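In the two complexes below, chain A is the common chain; its partner is chain B in one and chain C in the other.
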Partner chain A sequence: MSLVPHPPEPPKKPIKAPAPHEELFRQEPGGERDKASFVRAVQNFGQYNVRKRGHVDFIYLALRKMREYGVERDLTVYNLLLDIFPKEVFRPRSVIQRIFLHYPRQQECGIAVLEQMENHGVMPNKETEFLLIQIFGRKSYPMLKYLRMRLWLTRFKNINPFPVPRDLPQDPVDLAKLGLRHIEPDLSARITVYQMPLSDDLTGTEDPIQPHIVGIQSPDQQAALAHHNPARPVFVEGPFSLWLRSKCVYYHILRADLLPPEERKVEKIPEEWNLYYPMQLDLDYGRSGWDDYEFDIDEVEEGPIFAMCMAGAHDQATLAKWIQGLQETNPALAQIPVIFRLAGSTGELLTSSGLEEPPRPLCEVQEEDDDHRKQQQQGRS
Partner chain B sequence: MALVHKFLNGTCILRNYLKPSAALHSFWGIYFANYCSNSLQKPVAASGRASQERTEEGLQRHHQKEVALDITSPEEKPEMNFDKAIKDELKDHFRRLKDEIMNHWVGPEGRPLHDVLLEQAKVVWQFRGKEDLDKWIVTSDKTIGGRSEVFLKMGKNNQSALLYGTLSSEPPQDGESSQSGYCAMISRIPRGAFEKKKSYDWSQFNTLYLRIRGDGRPWMVNIKEDTDFIQRKNQMYSYFMFTRGGPYWQEVKIPFSKFFFSNQGRIRDAQYQLLLDKISTIGFTLADKVDGPFFLEIDFIGVFADPAHREEFAYENSPDLNPRLFK
Partner chain C sequence: DSQKIDREGKIPDDILEKLKSLGLFGMQVPEEYGIILVGTEEQKAKYLPRLASGEHMAAFCLTEPASGSDAASIQTRATLSEDKKHYILNGSKVWITNGGLANIFTVFAKTEVVDSDGSVKDKMTAFIVERDFGGVTNGKPEDKLGIRGSNTCEVHFENTKVPVENVLGEVGGGFKVAMNILNSGRFSMGSAVAGMLKKLIELTADYACTRKQFNKRLSEFGLIQEKFALMAQKAYVMESMAYLTAGMLDQPELPDCSVEAAMVKVFSSESAWQCVSEALQILGGSGYMKDYPYERMLRDARILLIFEGTNEILRMFIALTGLQHAGRILTERIHELKRGNVTTIMETVGRRIRDSLGRTVDLGLTGNLGVVHPSLGESANKLEENVYYFGRTVENLLLRFGKTIVEEQLVLKRVANVLINLYGMVAVLSRASRSIRIGLRNHDHEILLANMFCTEAYVQNLFSLSQLDKDAPENLDEQIKKVSREILEQRTYICAHPLERTS
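The block that comes next holds the complex of A and B.
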C-alpha cells in the first residue's frame, strides 16, 4: 500500500485547451449559425463583464468563428467587433507613449481584425475609421493599415479583365451558363440547354437521374462545322476544369485536329462582296526594321473548336445526348464520325460511332490519361 | 575555392549519378553560401508572410521531375570518372568565357548592334524542349510544411509547358504560421562563365507578354532585380495575371509600369517604378486561398515595346502614408 499517489495516466490524444469565452459561441440545440446568433454572442460578451476583461482573446476567437457563421464578408459585423474595444483608453497621450508602441497587444488585435477584412475583400468605411480613431488614435498602426487598405483595395478593385460575380448561382444550370459565357470570347454565341436536371422523387435532389447538359456554340463555329470534311473525325475531349471564384466546374469541347498544311486553303472573299471599301488592302507603308512587333516564334497551333458544353455527368451517354442535340442545329454533324477522348473514372478511353452513318474504322483508342485527370489539357494532333 | 565548387557541380552534372545528399549540401554550404545562391529559393509573395531561405527545394525539384534517378539500366552504366567530369566542366566554362569576350566584337550578347537596337519584340523564355524546363524552379509551401504539390512538365507535343498541382491552404502545425498555401514557378538566374550572375536588360521594352492557358485562377507575376552591390533579396515587383480558363490560348500583356513594389512579402508605402536594366528572375505564384487542383499551360514569355503605352508608373505616393517624401 503506497502512500504516494499514482501519477495520472498520459492522455491518449493531445489535450485541446478550450479557448476562453468559447462557451459564448456554443450552439443551442436546434439553433442555427447565422448572423443573428453571432451578433447575440458578441453582445453577450459585453453583458457578462462590464470591464470587458479578455477582450483581445475574445476578438481573436470571434475572428476564427466567423467563417462557421458565414459572416466573414459582412462589414457591420467587423464594426461590431471593433466596437468591443474600450474607447479612448489606448490612445497615446504623451510623446513617450507615442514613441513606444502603446498597448501593443491591442494594436496587434486591431490589425488582425483589419487583416481578416482585407483577406476577404471587405472594404472598410467611415464608421470603421471613426472607431479606429476613437480606439487607437490617428497615428496608430491600425489606422495606418486602414489607410493602406483604402488605397490598395481601391487600386486593385477592377483589375480583373474577366470578372466573376461574388455570389455564384446555386442552380447548376445557371452556373453552367455563367461558366460557358465566361470562357467563350465570341459574344454572338448562343447557349442552349439540352437537358434540364430531373430528379426522381424518391432519391431527392442529390442524385439526379438526368444530369443537366448546357452547350454553347457561336455562328462562326457553326459555319466551320458545316464546312468540315466528313472524312476527318471530330473529337469530344474532356473534362477540363474551370474555376469560378471557389467553385470548380468541368467542361467538354468538340474539336477537330489541325489540317496538314497541304489541305489548308485560304478562302478568297470575292471583290463584289462589299462595294464600300476594299476587303483586301495590300499597301506597303515602307515600314522598316523598327516596326516589327511580331515575336520570333511559331505559336502553338491547335485544331478548330466547334462547340463546348458543361454537363452534370462526364460519361459517354450524357455527351452522346449533347451530340444529338447539336445535330439539330448542325445537320452536317450527322455525317462526321465522333470519337470520344474522355478521361473516365477508370482511366480508359471510350470509342464511339458516328451517329447516323456507320463509322469508318478510324483511329480507335488513343492516349490514356494518367491519374492527373483533373489537370490535363487539350490533346493535339 | 572555385575548385571545390567544381566538385559540387561535377557530382551534379554526371547524368545518372545519385542525387547529392542533403548532408553534403549543408556541409559545403556553410563555406560557400554565395556560390550556392542559385539553389536557394527566391522568396515568393505569399499573403503576408516573411520570406525565408530554403535549400531543399532544389532537391525537391530533382525528385519531382526525375523520379527514377536512382535506377540505372544495366546497359548504360556510366563511367563515374571524376577527373573527366572536372575537365569537361572547366573546358565548358573556358569556352563560355571565350565566347563572352569574343561576343563584344560582334555586338551586345553576340548579336549585331543594329539587330539589338531595332528589336521591338523579344522572346525571352520558350518551352519547346526539356532543356527549356531546366531554366525554371518550382516550389510550393511544402518547404514550410504545407501540403500543396506542384509539378512542371512539357505539354502535349512538346509545344508548351504545363504547370499543375494541388493547392492546399491548410497551415503547417509549426506554431507560427497561421496561413499557408502557395505554389510558385521561378526562373533561374542566368549564369555566364564560371557561374557569374548575369541579368537581363529590357530597357527598350515596356510590356511583358505571356501566352498562357489557365483554368480561371488568378496568378501573380513577380519580377526580381539583380542583387548587384546592394542586397535586394527580398524585394520584388509584382502584378496580377488573371486567367480566363477555357480551351483558347490567352494573351496577357502587362506593362512594366503596373508593377508595384513589395519587400518581404508586403506592399510598401513608398512606390517607385520598376527599372528594367538589371532584371534577374521572373516568377509566377498561385496563392488564391482556394483549395484544389490547378494547372497553367505556358506557350512562351516575351517582352515587347508597346508604342501606345505611355504611362511611366501607375501608382503615386500618398502624403498620408509617406509624409517624408512630400516635405
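The block that comes next holds the complex of A and C.
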C-alpha cells in the first residue's frame, strides 16, 4: 500500500473537479512530457505563491505524475521535490515538540517521497540528507527512513540470485534469448534462432509475416531425444508465460510423458567397463536407511523435456517450423509423432479496460505422422 | 603469443614497444623501488622520468655466484678513487632479470667504511650504475625452466666508474636499502597469483563441464569437485591477504608491513604451485602436452617459490620477527618472575591451571558488539582460540629456548605456518564480513569459502601447536634430524637392499 493517498473518488457528476495545481501539469500543445517540462512545472509552482500554500498536495500530485513524465528514476528530480518544502519551519524546537510528531502531514509527505524513491530503487545521496536535515531535523521520521534506505538498499542491490537487467532489449529476438537463458541457465545449452522476423513493407511492422522463432536445447536433451522410443509421441505444449520485469513472453516446450515403470530400462553397467576400479561391487545390500537422502517430498518426477522455444506467433504453423528446425540437429525427431497441445488464449488475463477475460482453452489435437506430411506442408507453404 | 615466447626464450620487441606506449613501464617494478624509496631528489629527477617512459630499463643486481640468500657475503667491491669523486666497481652478478636489456642497474657492492671508533669495516652500499659508465658487460641469456620470456643473464663490472652522487642512501647503508626494497616488492605476488588462478579456474571448468567419461561429466565426480573447491578457496584467501596488506600499507604513517608481505608471498607461491598442479591433473593427459598452457603455467609457477626470497628463508624471517617482538614483551615478565614477584607467580600459576581445565576464549570478535557477522561466528571463535593458544605456546617456547631459538629451524617453521594460517583467517573473515554488510553479489559463496578455510586452518594450527609442546609424541624433530644426519654422513641412501642376505 503506497503512502501516497489517492485523490478522492470523483462524484457522480459528469464534471470532475481538477486536483489543485493540476493545471501546472497540463500538457502544452506540441510539448512532450519529459524531465525539462516536469522541472518547469515544479518551478512554476514555486513562482505561483511565495508562501507555498498547498505544497503537500502539490507534492503528492507530482509524485503521481512522475511516471507519465518518465522521471521516476531520477534522483535530481526527487531532490527538487524535497526542495519545495519550506526549510526551517518543520524542525522541532522543544522537547515537547519532539515527543509528539511535529507537523505530521508534512512528515508523512516526506516519507511518501522517500518511499517512492525506494520503490523505484533510487539511492538517495548527500544532498537528500542535507535537505532532510534542513527541512525536518535530524530526529524525524523521514530522516530515519533515509538512514534505513542508505543501509538496506545497498545490501539488497545484489540480493536477487537471478537478476533481470533493468533495460530490457526491445528487439523481440534478443528478448527471447534473454528469456530462454533465464529458463535454462546451463551454459552448455545452445540457443538457435530458427527464423528472424521479416515484415512485408505493405503490411507494416505490427504484423510481420514471419514471426521470430528462437529455440534452446542442451546436449543432454539432444541425447535423450535420440534415445526416445519412436512408438511414443512427443507433445508440443504451450504457451506458458514468463514475466521479465514488465514484459510477458510466451514459450512452448517439447516434452514426452514418463515411461510407465514396467517399460523403464535400467541401465546395466557393462561388466568390463573400467580398467582400473570396479564400477559395481558384488554385494547384496544397498544403501542403509540412515544414509539414504534420496527421497524429497517436494520432488515430483516429470517426463523429459527435450527443447523449448519462444516464437512470435502461437499457432501450429510457426511451431511446425520450429520442429522442422529441430530436426536438423535431432534426426530422430523425424520418426517420432509430434502432437500439438496448444491452449487457445494468448492474451493477458487483465486487459486495459480492467475487466478479466476468462481464458478459452481450445485443445487442438492434431496428429502428424512422418515427415511425408511435413514435407507436403513445406511444399505447400 | 606466450607459446612462442616460451619456445624462443625472449619477448619480441614489438610487444615491448606496446608496453612502453601503454605506460606500463612506469609501474612499480622492484628495480625502481630502490630509487623511489631511498633516492635523493636529484637522483629521482634524473632517472625516474626516463624509466617511467620506458626509454631505459632498470635491473636489480644483488645475487652473485657465491651468495644467493646470503646477501651480506657479496664479493663485488667498490673502492674510492684518488680524487674522491668516483667509485671503481669490480665484480660480477648472476641471474639478473633484464640484465641484457637494462641501461640502469641498482648494484650492491662492499665498500670500506670507517666507523665512529676508527675501525675500518666492509659494509654494503647501493649504487645506481648506468651502462654508459663503461666496463659493464653481460653474458648470454640463461635458458630457464619457466618465465622464459624474461631476459636473465650475468652482468660483469670491470673498473666501472661510478660518480659519488650515484650512491643510493648512504655509504654503508646498503643492507637496509636492500631489505626495504625486497620487503616492499613482495606482496604484489599475491594479487598476481590470484588473477592467474581465476583464469585457470575458468579454463579448467570449461573442460570439466564438457568432457564425459563413464557416461558422466567430469564435473560430477567428487575428486574433481574437490580440486575446484581447493582452487577457489586458495584464490580467495590469497586475494584477501594481498588486499589486506595493501590496505595496511596505504595508511598515512607508512607502517612496516614486511612480515605481512612475507606471509602473503609464502602462501601465494605455495598455493600457486599446488593449484596449478591440480588443474593440470584435472586435464589429465592433455594438461601434460605443450599445446595447452598448463605445463607452461606450472613451470612459471615453480620460480615463485624461489625468487624474492626463498620460502624457507621467509618462514624464518616471519617466525623470528614475531618472536623478537614477543620476546621484548616477555622479557619484562621473566625478569619479574626471576625477582620473585608474588603476584606474577600467582597469575602465571592460575592461568596454567585454567588452561589445563579447558577454557573458552572470547577476544571480542563475536557477540553483540562483535565485528564479525554472525554467520562467521564459529570461524571467529576458532580464530580466537588459536590465537590464544598460539600466544601460550610462544611464551613456552621463549622460556625453553630463549635466544638459541634461531638455530631451531623446525620449530620456527611450525611457528611460521601457524602465523600464516592465522593471518589468512583474519583476512578472510574480515573480507567475508564486509561483503555481507555491503551486500556484494554471491556473498553467501564467500561465507562458504571463508568457513571452509577457517576450519581447515584451525585443525592444522592445532596440530602444529601440539607438535610444539615439549616432548610431544607428534613431534618428530629428533627422528628427522637423526635420519638426515645418518644419510648425509654417507651422502647416500643407507638402507640395505631388500634382496640382500646375510648368509
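As a convention for this text, the second predicted complex is superposed on the first by the 293 of 381 C-alpha atoms of A that agree within 3 Å, B and C clash if a C-alpha of one lies under 4 Å from a C-alpha of the other, contacts with A are read in each partner's own complex, and residues count from 1 in each chain.
As a convention for this text, a residue touches a chain if its C-beta (ideal position, glycine included) is under 8 Å from a C-beta of that chain, and two chains touch if they have at least 3 such contacts.
This structure is a prediction, so every number in the text was calculated from the model and none was measured.
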With both complexes superposed on chain A, which partner does A:279 reach: first (chain B), second (chain C), both or neither? second
Look at A:293 in the shared chain and tell me whether it touches chain B only, chain C only, both, or neither; answer first, second, both or neither. first
For A:248, select first, second, both or neither according to whether it touches chain B, chain C, the two together, or no partner. first
Give one of first, second, both or neither to describe whether A:188 is in contact with chain B, with chain C, with both, or with none. second
Looking at A:154, would you say it contacts chain B, chain C, both, or neither? Reply first, second, both or neither. second
Between chain C and chain B, which one touches more residues of chain A when both complexes sit on the common chain A? B
Go through the superposed model and pick first if A:168 touches only chain B, second if only chain C, both, or neither. neither
From the superposed pair, tell me which chain A residues show up as contacts to chain B and also as contacts to chain C. 155-156, 159
Taking the touch rule as given, give the residues of chain A at its contact with chain B in the complex, in rising order. 115, 119, 144, 147-148, 151-152, 155-156, 159-162, 164, 179, 182-185, 240-246, 248, 251, 253, 255, 288-297, 299-300, 302, 305, 308, 372, 374-381
Can you list the residues on chain A that touch chain C in the complex? 154-159, 187-188, 273-274, 279
Chain A-facing residues of chain C, complex: 209-210, 214, 437-443
What does chain B use to touch chain A in their complex? 47-48, 114, 118, 120-123, 126, 155-157, 159-160, 162, 164-165, 209, 211, 213, 215-218, 240, 242, 244-249, 267, 269, 289-290, 292-295, 297, 299-300, 302, 304-305, 315, 318, 320-321
